[in-house]
Amino acid sequence: MFKLVKRPEPSRQMVLVSPLLALLLTLLAGIILFLFMGVSPTEALYAFFVEPLTSLYGWAELGVKATPLVLIAVTLSVGFRAGIWNIGAEGQLTLGGICGGAVALLFYEVESVWVIPLMVLAGIAGGMFWAAIPAFLRTRFNANEILTSLMLTYVAGLLLSLLVHGVMRDPDGYNFPESRLFSDSALLPIILEGTRLHVGWLMALAVVVAAWIMMARTLIGFEVKVLGQAPAAGRYAGFSQRNIIWFSLLLSGGAAGLAGMIEVSGPIGQVLPTISPGYGFTAIIVAFVGRLHPVGVLLAGLLLALSYLGGESAQISLNLPLAVTGVFQGMLLFFLLACDVLIHYQIVRKTGPVSAIADQDTTQATTNTATESK
Amino acid sequence: MTRTFPGVIANQDVDLTIHAGEIHALLGENGAGKSTLVKMIYGILAPDSGQIDWQGNTVSIPNPAFARELGVAMVFQHFSLFDSLSVLENIALGMDSKVNRAELKSRILEISSRYGLPLDPDRHVYTLSVGERQRIEIIRCLLQEPKLLIMDEPTSVLTPQEVSRLFETLRRLSEEGLAILYISHKLDEIKALCHRATILRNGKRVDVADVNDESTSSLAAMMMGETLETTTPRIGNQAGELRLSVKNLSLEAADEFGIPLKNINLDVHCGEIVGIAGVAGNGQDELLMALSGESVSTQSDSLFIDGKACGQLGPNKRRALGVAAIPEQRLGHGAVPEMSLVDNTFLTAFQRLGLVGGGFIKNSVTRQFTEKVIENFNVKSNGSKAFASSLSGGNLQKFIVGREILQNPGLLIVSQPTWGVDAGAAQTIHKALRDLADRGAAVLIISQDLDELMAGTDRIGAICAGELSDIYDTAALSIEEVGLLMAGSALDEKSLATGGLNNV
Amino acid sequence: MDILIPTILTIITAATPLLFAALGELITEKSGVLNLGVEGMILAGAVCGFAAVHFSGSASFGVVAGAAAGALLSLIFAALVLGFQASQVATGLALTIFGVGLSALIGQDLVGVAYDGLPKVAIPFLSDLPLIGEVFFKHDVLVYVSLLMVPLVWWFLTYSRAGLVLRAVGDSHDAAHAMGYPVVRIRLFAILFGGAMSGIAGAYLSLAYSPMWIENMSAGRGWIALALVVFATWRPWRVLLGAYLFGGISILQLHAQAMGIGIPSQVMSMLPYLVTILVLVLISRDQNKIKLNSPACIGKPFHPTS
C-alpha cells in the first residue's frame, strides 16, 4: 500500500503541476461520462473545448464569460488566503446588477458619458453593501460568514425578482418581468468590433494586475497571507483580524458588484430575473484552480469560461443538457483538491524500512516539527 | 523481562531490561531516542528489527490495545485527554473492556484515595489543572492493573511539591511489585527515585547504571557525552532606570480554556534580567501577550514603558517604544511556518526598521537584515528563502531571538527561550540574552525551566493561576522557595532577609 | 380549525427534511468533520430517490436509493478529506457545486413527471383520536423515522460507548489516535451517516414534501440544516426544536401568501433565510458558548504522524 509522508516544504512545482493533472483527470472522467450518456467522446470533447474557439467571435465570448469569473475569483482568492470564506459572491453580484441597473433606468433619458461611471460606482457600492452585512455580523457577533453570505444570496435573488416584477418592470413590456432595454449611454463600449467583448474585460485585467501587485508587494497583502496561515502570528505582528475580515469582504463584494453591473450593462443590456448563470459560485472553483494567485486565476477563469461556452455549444450541436457544465466544473474541483495532496505530501510505498525511503532531510524535518509541536 | 530493539535511525540496537518492582530510568537528552523506544514498547511504532520478551515469552506488540492487554500502561508527556469530556468519560475511553459507569466511578474513587490522587470523576477536563490532568492519566493506567507503567517526563509540568507527592505514589506502587519505566532528562529526580538507569545518546544505548553507584555528574557525563560549559550565575548586576512597570494589570481570559490575569505588578529595570517561573498553563501565554500588546488592557495606566502609559497600545505601537517579545510557540506564533525567513523577518521588523514605504514592502532591505540575523546567530538553513517550518527547533529559535535582538530592543520579553532546543543553541541564546542586558536593555524571561532561571536571572518571581508572586533577588532564593512561589504560596519574610530589597 | 390542522401537517412535512439533514450533519460534526456539502447531497438524494421510485414504483426503494446517493457523494468527500488531506471547507463547497450539477444532469428527463407522494401510515388506535390523531399519527413513515432518530442520536451520543468514542475523536483526534482508536475509520462512518441522512432528506423532498423533481429544489435547505446544527449547539433535542421552528416559518410564509396578506411573495420567501441569519447571530454572539460546545477538532485535517 501507499502512504503519505509530509514534505519538509510544500513543493513549488506541484503547485503548478496539480491543476494540469486535475484537468487531465477531469477530461478522462469526462470521456467516461460521455460514453455513459451514449455520446461519442471525441465529438463531445470537440464540441466542448475546440468548437467554441474556432472563430474570433468565440474568442471574444470567452472574454465576455471570463470577465465576471476573473473579477470575482481574483478578489475571492484574497479572502480565501486570509481564511475568510465569502461564499455569497453570487448575491453580491446580484446586488451590483440591481444597483447598476437602477442607475441605468433612472438616467434612461440622460445621454452623458457619466452614466457608465455612475453605474460602476453604484454596482460596486451595491456589492460592497451586501458583503458588509456578513462582515459586520462576523466581526460584531462572530456569526459564520459562510452561512450568512450564502443566505444573503437567496435573499438577493428574491429581491431581484421582486424588483423586476415591480418597480423595474418595463412599462411597455406587456407585464413581462424584465426592465426596459438600457439606452446607449448605459451600455458598456465594445472593444472588438463585431463581437460582444466590452471594456469590462479590460477592467478585469486591471484588477488582476492590481491584485498581483497588492499580494506580492504591499503590507496589506502580507497581512492577508499571515493572518490566513497563522492567525496567532498575525496578532503577534500587530495585524488586525477584524480589519482583514472587513477588507477582504468589501473587496470581493465590490468586485462581485462590479461584475454584476458589467453583466447588466454589457452582454444583457437590461435587468432580468436572473443575471448570472452561477458566476459567483463558479468563481470559487476558478479561485482554487488558479491557486489563489491572480495570474493563475486569470488562466483558470478562461478555462472555466470555456466550460460555459462548451456547454452551450454541446447543447446546440449534440443536444447535451447544460447541466453537464456544472458536473464538469465540480469534477475539476474534486480532482484538483485530490491532486493538491502532492503539494504537501509525498506518496511513498508503505512496505520496507523507514530509513530506506525517507531521505535524511525529510526525517530530520519531521522529527523537528514533532518536537516543535510538543 | 527482557526487551531488545535494534533498528530504526532513532534507535539503533538498543537493549533494555526491567524487573518487577523496579523503578528504571530511561535517561537521555532531547532527541536521544527515548520516546521512540517507549513507543515501540507501547505498540505505537513498529520496530524494524529486534524483539520484545515479556515475562519470558517473545511477543510482538502491534498496537497499544495489545500492549495494555499484556499489562503495559503508559502516561504520556502530552496527555491524551479530551477537554470537553468528563474525567469519568476520559477514563472510560482508556479502558479496553466494557465497564459499567457506576462501577467504574467507584473504582476510580477507590484508587484515587488509596494512592493519594484526589480527583472528582464528574468534572470536565478543561476545568482541571495540569497536575489534576496527570492524575487522570495515572488512574487510567492503574485501573488496568498493569505490570509495567511507563511514565514519559511526568514532572515537566509539575511544581516541586507536586513532584514529591508523585514520587511517593510511584514508590508505593513499586513496593507493590509494579515495574516502572521512568523517562527523564532530569538527573536529580532520577537520583532521588530510580533504582537503575538505561542511558541513551543519539539513538544508541550508552550504558546501564545502578543509580546508587553513580553521582549526578557521572550520569550527566554519560548522557551528554561531552562536558558543556556551565553557565555562571549572574551576580552583582546593578539595575539601571525603570523601563517596564506593570501596575495592577488584570485581564479577562479570552475563553473558557484561558487563564485570567489577576492584579499583576512587576518592574523591570534597564540592564537586569528578571525571570518568571511557573508550571505550564498558569497564565504565561496570557502574560506575554498582555506585555507584547497582543491583548490590550482596558486601562491605559496598567502598563508603563519608560514612564509612558501604554496599556491600550497594540504590538506595533509598543515596538516603536522599544518592546520586543518572543512567544513560547515558535511555529504559528513567533513565525509563520510556510513563509520564508525573509517574510518572517518582515513580520516583526517592519515597524522598527522602516521596511514599508508607501504601503510597499522594501524587499532588498528586508533580505539584507534577514541575512544578518542568519549570519550573526549562526542559523542553519537553506538561505533566507527557506521556510520557517524547514528549520530545526533550535535553529528557528536562534533565528527568532536574533531577529528580535538585532532590532536593538529596549525591553525584551521572552517565553521559554530554550524549550526543546539542543544544548548548543540554548547556550547561544542564553549568551545573547545576557549580552543584551549588559548593553543596557531590560530582559524578562518567562520559563518553566528552573535551572535556566536560577542560573540566568538577577531577580525572580513565579506565576500561578494568573497571579504573579512578589519578585525576589535570585541569589537569595533556594529552589524550594521558588517552588513555593510556583505553587502560589507566599514566602515568609523572615527567611528572606535579603530578598525584601527589590520587593515590589 | 380548518386552517390549523393542515398548517400543522405542512409544518411537519417542512421540518422533516431539515431534521434528517441536520441530525446527520450533527453526527458528522461531532466526529470533528465539517461537511459543507449537505445541499449537494440533499439534491442527489432527491433526484435519485425520485428516479428510483419512477422506474421501480417502490417507495421504500426510493428512500433507500436517496440514502445511497447521499452516502455515495459523502464517500467522495470522505476520500478527499480523510485520504487526500484536502481542506474540508473547499471540499464541502465542491461537493455542493458537484451535487447541483449532477442532480440536474440525472434529473433532466424527470422534470414534469408526477408522483402521488409517499403513502401515509396511520398508527392504529392513536390515529383515531380526534384532532390529535389527525395531526400526529397519520403521516408517512419517514416522519416517524425522523422523530425516532432524535432520541436515538441523543442516546447514542450520551450513553453508548461508540458515541463516546465519536465525541472523543471530535474533541482531540491526536489523543484518540494515541489511545489506539481508528480516527479515520470512525470519521468515515460519521461522514457516511451524514451523507445517508442528507440523502433521505432529499428523498423526502422529492417524494413527500412536493412529490416531483425540480432542479435545485432544495432551495438552500442544506445550508439551513448546517445553521441549525450551530443553532442547536450540537444537541439533538435542540435540532428537533430548530427544525420545527424553521418548518413553521417556511409554512407560515406560504400560508400568509395564500391568505393574500399585502406583502409581496418574494419578501415573505426571504423570511426563512433572514431568520436563519438572525438565529445564527443570536447564538454566535456568545463566543464561549460556541467554543465550549463545538467539537474542538472541527475542520482540522488529521494526519497521523506515527
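First chain written, first letter: the chains are A, B and C, and each begins at residue 1.
Rule of thumb we're sticking to: a residue touches a chain if its C-beta (ideal position, glycine included) is under 8 Å from a C-beta of that chain, and two chains touch if they have at least 3 such contacts.
Each chain and its UniProt protein: A = Sugar ABC transporter permease; C = ABC transporter permease.
All of these numbers come straight from a predicted model, not from anything done at the bench.
Each chain's centre was taken as the mean of its CA atoms, and the one lying most distant from chain C (ABC transporter permease) is B.
Here the largest set of C-beta contact pairs joins the chains A-C.
Chain B and chain C (ABC transporter permease) have Cα centroids separated by 45 Å.
Distance from the chain A centre to the chain C (ABC transporter permease) centre is 28 Å, each centre being the mean of its Cα atoms. Among the residues of chain C (ABC transporter permease), those in touch with two or more other chains are 287.
By the touch criterion stated above, chain C (ABC transporter permease) contacts chain A in their complex at residues 36, 76, 79-80, 84-87, 89-91, 93-95, 97-102, 104-105, 108, 215, 219-220, 223-224, 226-227, 230, 264, 266-267, 269-270, 273-274, 276-277, 280-281, 284-285, 287, 290, 303, 305. Residues of chain A that touch chain B in their complex: 8-10, 217-220, 222, 225-226, 229-230, 232-233, 235-238, 240, 353-355, 363-365, 367-369, 371-374. Put simply, chain B touches chain A in their complex at residues 7-10, 30-31, 48, 77-78, 289, 292-294, 314-317, 319, 325, 327, 329-339, 343, 346-348, 350-351, 356, 359-361, 363, 386-387, 389-393, 396, 420.
On the side of chain C (ABC transporter permease), the complex with chain B involves touching residues 161, 164-165, 167-168, 171-172, 174-176, 178-181, 287-288, 291-292, 295-296, 306.
Interface of chain B with chain C (ABC transporter permease) (complex): residues 39, 43-45, 63-65, 76, 79-85, 89, 92-94, 98, 255-257.
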